[in-house]
Amino acid sequence: MIQSLLIANRGEIAIRIARTARRMGVVVYAVRTKKEPDALYLSAADVVVDFPDTELPVSEFLDIGALVKLAVDNEIEAIHPGYGFLSENAGFAAACKKAGVIFIGPPADVIDAMGDKIKARAYAMESGVNVPGGSKTPLTSVDEAKTLAEKIGYPVIIKATAGGGGRGMRIVSIPGDMQLMFSQATSEAQNAFGNASVYIEKYIENPKHIEVQIVADNHGNVIHLGERECSVQRKHQKLLEEAPSPALDSRLRKKMTSAAVALAKSIKYKSLGTVEFLLDKNGDFYFMEMNTRLQVEHPVTEMITGLDLVELQILIASGAKLPVKQQEVKFQGWAIECRINAEDVQAGFVPSMGIIRGIRLPQGNNIRIDTGVRPGSEITPFFDSMVAKLIVHADSRAEVIEKTLKALRQFHVKGVKTTIPFCKAVLHNPLFRSGYFDTSFVETAMDSPVHREPQEEFLAALLSVYAQTHNTTPITSDEVQIDPWVLKKRIRNF
Amino acid sequence: MIQSLLIANRGEIAIRIARTARRMGVVVYAVRTKKEPDALYLSAADVVVDFPDTELPVSEFLDIGALVKLAVDNEIEAIHPGYGFLSENAGFAAACKKAGVIFIGPPADVIDAMGDKIKARAYAMESGVNVPGGSKTPLTSVDEAKTLAEKIGYPVIIKATAGGGGRGMRIVSIPGDMQLMFSQATSEAQNAFGNASVYIEKYIENPKHIEVQIVADNHGNVIHLGERECSVQRKHQKLLEEAPSPALDSRLRKKMTSAAVALAKSIKYKSLGTVEFLLDKNGDFYFMEMNTRLQVEHPVTEMITGLDLVELQILIASGAKLPVKQQEVKFQGWAIECRINAEDVQAGFVPSMGIIRGIRLPQGNNIRIDTGVRPGSEITPFFDSMVAKLIVHADSRAEVIEKTLKALRQFHVKGVKTTIPFCKAVLHNPLFRSGYFDTSFVETAMDSPVHREPQEEFLAALLSVYAQTHNTTPITSDEVQIDPWVLKKRIRNF
Amino acid sequence: MKTTNTKRLIATGKNKERYSFTVKNRYEYNYKKEKLVVELIDEPDGFTILSCNGVRYPVEIVSRRQNHYEVLVNGVGYSFAVETPFSLNRNKLLASLNPGGRVETITSPMPGKVLDILVEAGQQVQKGEPLLILEAMKMQNSILSTVSGQVVKITVAKDENVAKGAVLIEIK
Amino acid sequence: MKTTNTKRLIATGKNKERYSFTVKNRYEYNYKKEKLVVELIDEPDGFTILSCNGVRYPVEIVSRRQNHYEVLVNGVGYSFAVETPFSLNRNKLLASLNPGGRVETITSPMPGKVLDILVEAGQQVQKGEPLLILEAMKMQNSILSTVSGQVVKITVAKDENVAKGAVLIEIK
């Protein structure tokens, strides 16, 4: 069994991984960076190691050499990459292996096969899973793109070969747009993945986004842990997820989970992974991509199965056999995850940077909060804008929607604007409640991106009048000024 | 109208006074002491003034000369004494007047008349209010006490002439106990009030403690704001109050409130005051004492009347006429106040000293929390152990009990033990719920001083096993050690 | 001593929603003849609570420019201008005398790099129409027009790095 | 690699209430054959949450002396001794060999001044009986006996100032 673990990540996921690892008796190491030397995730570890000074202009958690060296120098047995950063980087997995460090994830060749989205399409087809018509090789020119698009029929979608997570994607509905979209997609792909290569696929219009969680050990056992419904998206970014999906009946669920397991088996998958599907209006589903890591939304699966996915990752990486068989996996109730991001929804979801001045967490049973911030934490342009994930579990979909709404009404963040009012608006929306929503939901079905509680506008007017009467000074301000929180941090660090 | 105000007090009441005064546009001054130089109440003021260095071994908020000088030197128009400390000190009121500072409270002669409990008994009788049989002058010896006790009949109660708030009180049931109780009462009275003088009264066994809030302006207008039920007491210390009282019908309410108003009129009372009564099982009531200040439990009256008692105090002290007539006072619904003290109820209500490491406040409408602490605040032997007051308002007694219980379940304090589990036990108690309880309730009617939520004991066992398995270090400890919070404060102050 | 004074204050929102209060002695509020018990409470966990007749909401006053307020109630942003009936009428009058309307500035909501500018000076744009693409936090964000009107001026260039609050485009 | 091991751990409270768990691999808990998903979570506001199958309670581990735990669940104090079946039996055996029982010390729950001592050495006292009067925070507090037994020793004198945790009286 693995005895020590370096978490090559930060924020809520570092804390979440540390929690399980420490519960299992594994000694947990976290990496301190200059960008956030007193971040909350550091307090979740047994040992904190400092990231060394380097000349490289690369983010600490993307620096393969330095991270592997930290593990070797500190005699740490294994590395957990979390999500994002190096979690799907085959080179990182290979470098770990070479250095004698256990990489918690699938082997490098599997990451590589699934990371190249064109190769992944080919493997999916081989294992009998439908894929949308499209490229067999990366596009070399706009003209090639146009020719292929004519063949498979518009609309098509341009995707980054090395992509994932929505970046480098563009939908093209008419030939005239191809030039602009092709150049935007390649430049974004280059920025995001260091690889400008793109390909095209037939664009499935307004599908549902359904993904299947699979787990495979090193002994050939593969099981699935059901599906997650991730259709509430904006610009291919997931905003709210649930498990199970209201769109699947047991027949379709069986077909989709079997397809995911078949794919995993055919590529000799090991560790935790997610097979993402597009489900169209006819109930036909197509392979989209496979994520070879822990997902942000993994807690909803944990809630309904009672299994700890990080525990399974550590056990598998230790060489253990899967502790549960497929028929022992029991699915209970319904779970929803809300991503509470620091974004100004009313201004078009732009990041809302600043300092968290206060957090009020909802309280109650079967409410889980995964967060990496505390009062005083700063939301910076360095990292993503996630403040917390709120995960709620109840017996039925109707109940979990009400319970999540109640929790959101008790969840308050001061200092930055968050997506809490947006999540409320989703959960109040009749189409969402009906279950018949698809990935066009956020853009087409929401009257307002925020939900307003009764009397809110009246109270805002009253507050303005009160402030005018009392000459109240704003608590936060647009003006550039030294903030006491920032000052305090500066004094401490320099 | 008063334009500036010095608060000669600390903690939650200083904050509560500042809130109203600032709302009214009054500039608020708070006093910083060496004992708690970064207390929360200081942040509620417009201006913070430092208490000067003195040689006197007296508490800052008992130092008449220094406080009056602070007001004069800073050209502050008025002083609010809060409760406790100098709030019922006639000498303070006189010193303020002499210095040209408005004392927010009744004139010195009225404080004096009601402060001397024997004089107060005489005034009550004059105005036609029943008093229990007893002393007409202070006791000069144990023998005198015994003679008088024989005359009025045992049991009797010894009380401090300068007393109030339960200190210096002793009940004597048999002549043999008189010697011990007399000496305990005089020594406690000396300690608490600097005046050993005591008197005796017929002891009304197991009465209800009901008090009537009255308000009088400087123009002869006197109204009452209904009663408060304060029978949930331990050693004469109020623990949980409500308004109205479940024991009063409209006839009895009219009699008691009329008696309170009559007393106030007969002594030419001015400002806010409370007339405390003992109500026996026959529905007869007796004058106990009058408090010439704001009470700790004043918020329950504010909840059911919608009036702000501090605002009334400031208006009256400014010379304004009462803004409401008796018939305009509307009583709506029911309110409960729970005193959340830092006490170890399971160890017999001993003070639980230490540092507040976290506070979770209940959220919701019609829930009010008055508190003077925040995470990092220390509960010290210097001051009382109050952490917060939780005040809840609802339409009916049954509803407010449930709503308060719900709020208590969401109210958590980390770092010290509090009376939260005790307050829950009171609210769950069938006798309390029936309304037929009296001042013997806490000592005789409660099976357990704490309420245990379902599964608590099981979870405590599980936590112990978990801690043993993981070698978890205690978060707090009995051992003497430097606490990071304390260290931080030391570094800051020295 | 001050004399008692009662005045009317009118809060007007972006979409012309209007709430009219009477304020007596600077702190007694009435709305549609109903008395409001209003308190602004700083709680120990850092939150500010607006309490109105027992209804409690976490609020923030984000910014104030003279009589213009940006506030958050429950995390939702609202803008109100607070005026007396006199100033309200004067502003209406001024607006009617200056039918050309006023220039709205589109500012950068965050620091970032201008990747692309999608409009030209002189062009008519609709409210909600994308004006330019700003790259920040590794994402490309469209900056949308907050008003309908004509683009008067573009104050940034492609590939320029801009600070938070920098003026990007003026629309009249 | 460690080998899988399952052991039984029994938590015994002050009133002999007993809960028996099996623990596999040091982290898989079972109670009465039911699997428990247990997590101890440090939340960002400073609270520690014990989560068991989704039931969440704020807890504190107040003190630990070897296998004896003082914990708070929801602010209510509990004491448990955690033992294996083997050590439990051994302790029972030891207790039966030493029928005289062990000495309980009554300690001061806070700093204060001893105002009065109400018992004498040799005297029999009942659990809950007042032993002495301690003045602290301007209040007189009765210190009650936590056990029934005989007063062995009084280690403080009247008017003495005592620190928190000071031994006041020993009872056997």
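So that you can tell them apart, the chains are marked A, B, C and D in the order they are listed, and the count of residues begins at 1 in each.
Please note the rule applied: a contact is a pair of C-beta atoms (placed from the backbone, for glycine too) under 8 Å apart; a residue touches a chain by one contact, two chains touch by 3 or more.
Only a predicted model underlies this, so the values are computations on that prediction, with no experimental measurement involved.
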| remark: Comparing B-C with B-D, the busier interface by C-beta pairs is B-D
| message | With centres defined as the mean C-alpha position, give me the chain B-chain D separation in Å. | response | 33
| Between chain C and chain D, what is the gap in Å from one C-alpha centre to the other? | 58
| query | Between chain A and chain B, what is the gap in Å from one C-alpha centre to the other? | reply | 53
| task | Express in whole angstrom the distance between the two chain centres, defined as the mean CA positions of chain B and chain C. | result | 45
| said: Two or more other chains touching the same residue: where does that happen in chain C? | reply: 26-27, 38, 40, 45, 55
| note | Contacts with two or more other chains occur in chain B at residues 23, 25, 360-361, 363, 375, 470
| said: Please classify the inter-chain touch graph. Allowed labels: line, ring, star, complete, other. | reply: other
| remark: The answer for chain A against chain B in the complex is residues 22-23, 25, 360-361, 363, 410, 470
| Mind pulling up the chain B residues that touch chain D in the complex? | 167, 184, 188, 191-192, 344, 346-351, 353, 357-358, 360, 375, 381, 384-385, 412-414, 417-418, 420-421, 450-453, 455-470, 472-478
| query | Of all residues in chain B, which touch chain C in the complex? | reply | 1, 19, 23-25, 40, 43-44, 303, 306, 308, 318-319, 359, 361, 363-369, 371, 373-375, 393
| message | Using the touch definition from the top, list the residues of chain C that touch chain B in their complex. | response | 1-2, 25-27, 35, 37-45, 51, 53-56
| Which positions of chain C touch chain A when the two form their complex? | 9, 11, 13, 17, 19, 21, 23, 26-27, 29, 31, 36, 38, 40, 45-48, 50, 52, 55, 57-64, 67, 69, 71-78, 80-82, 109-111, 135-144, 164-165
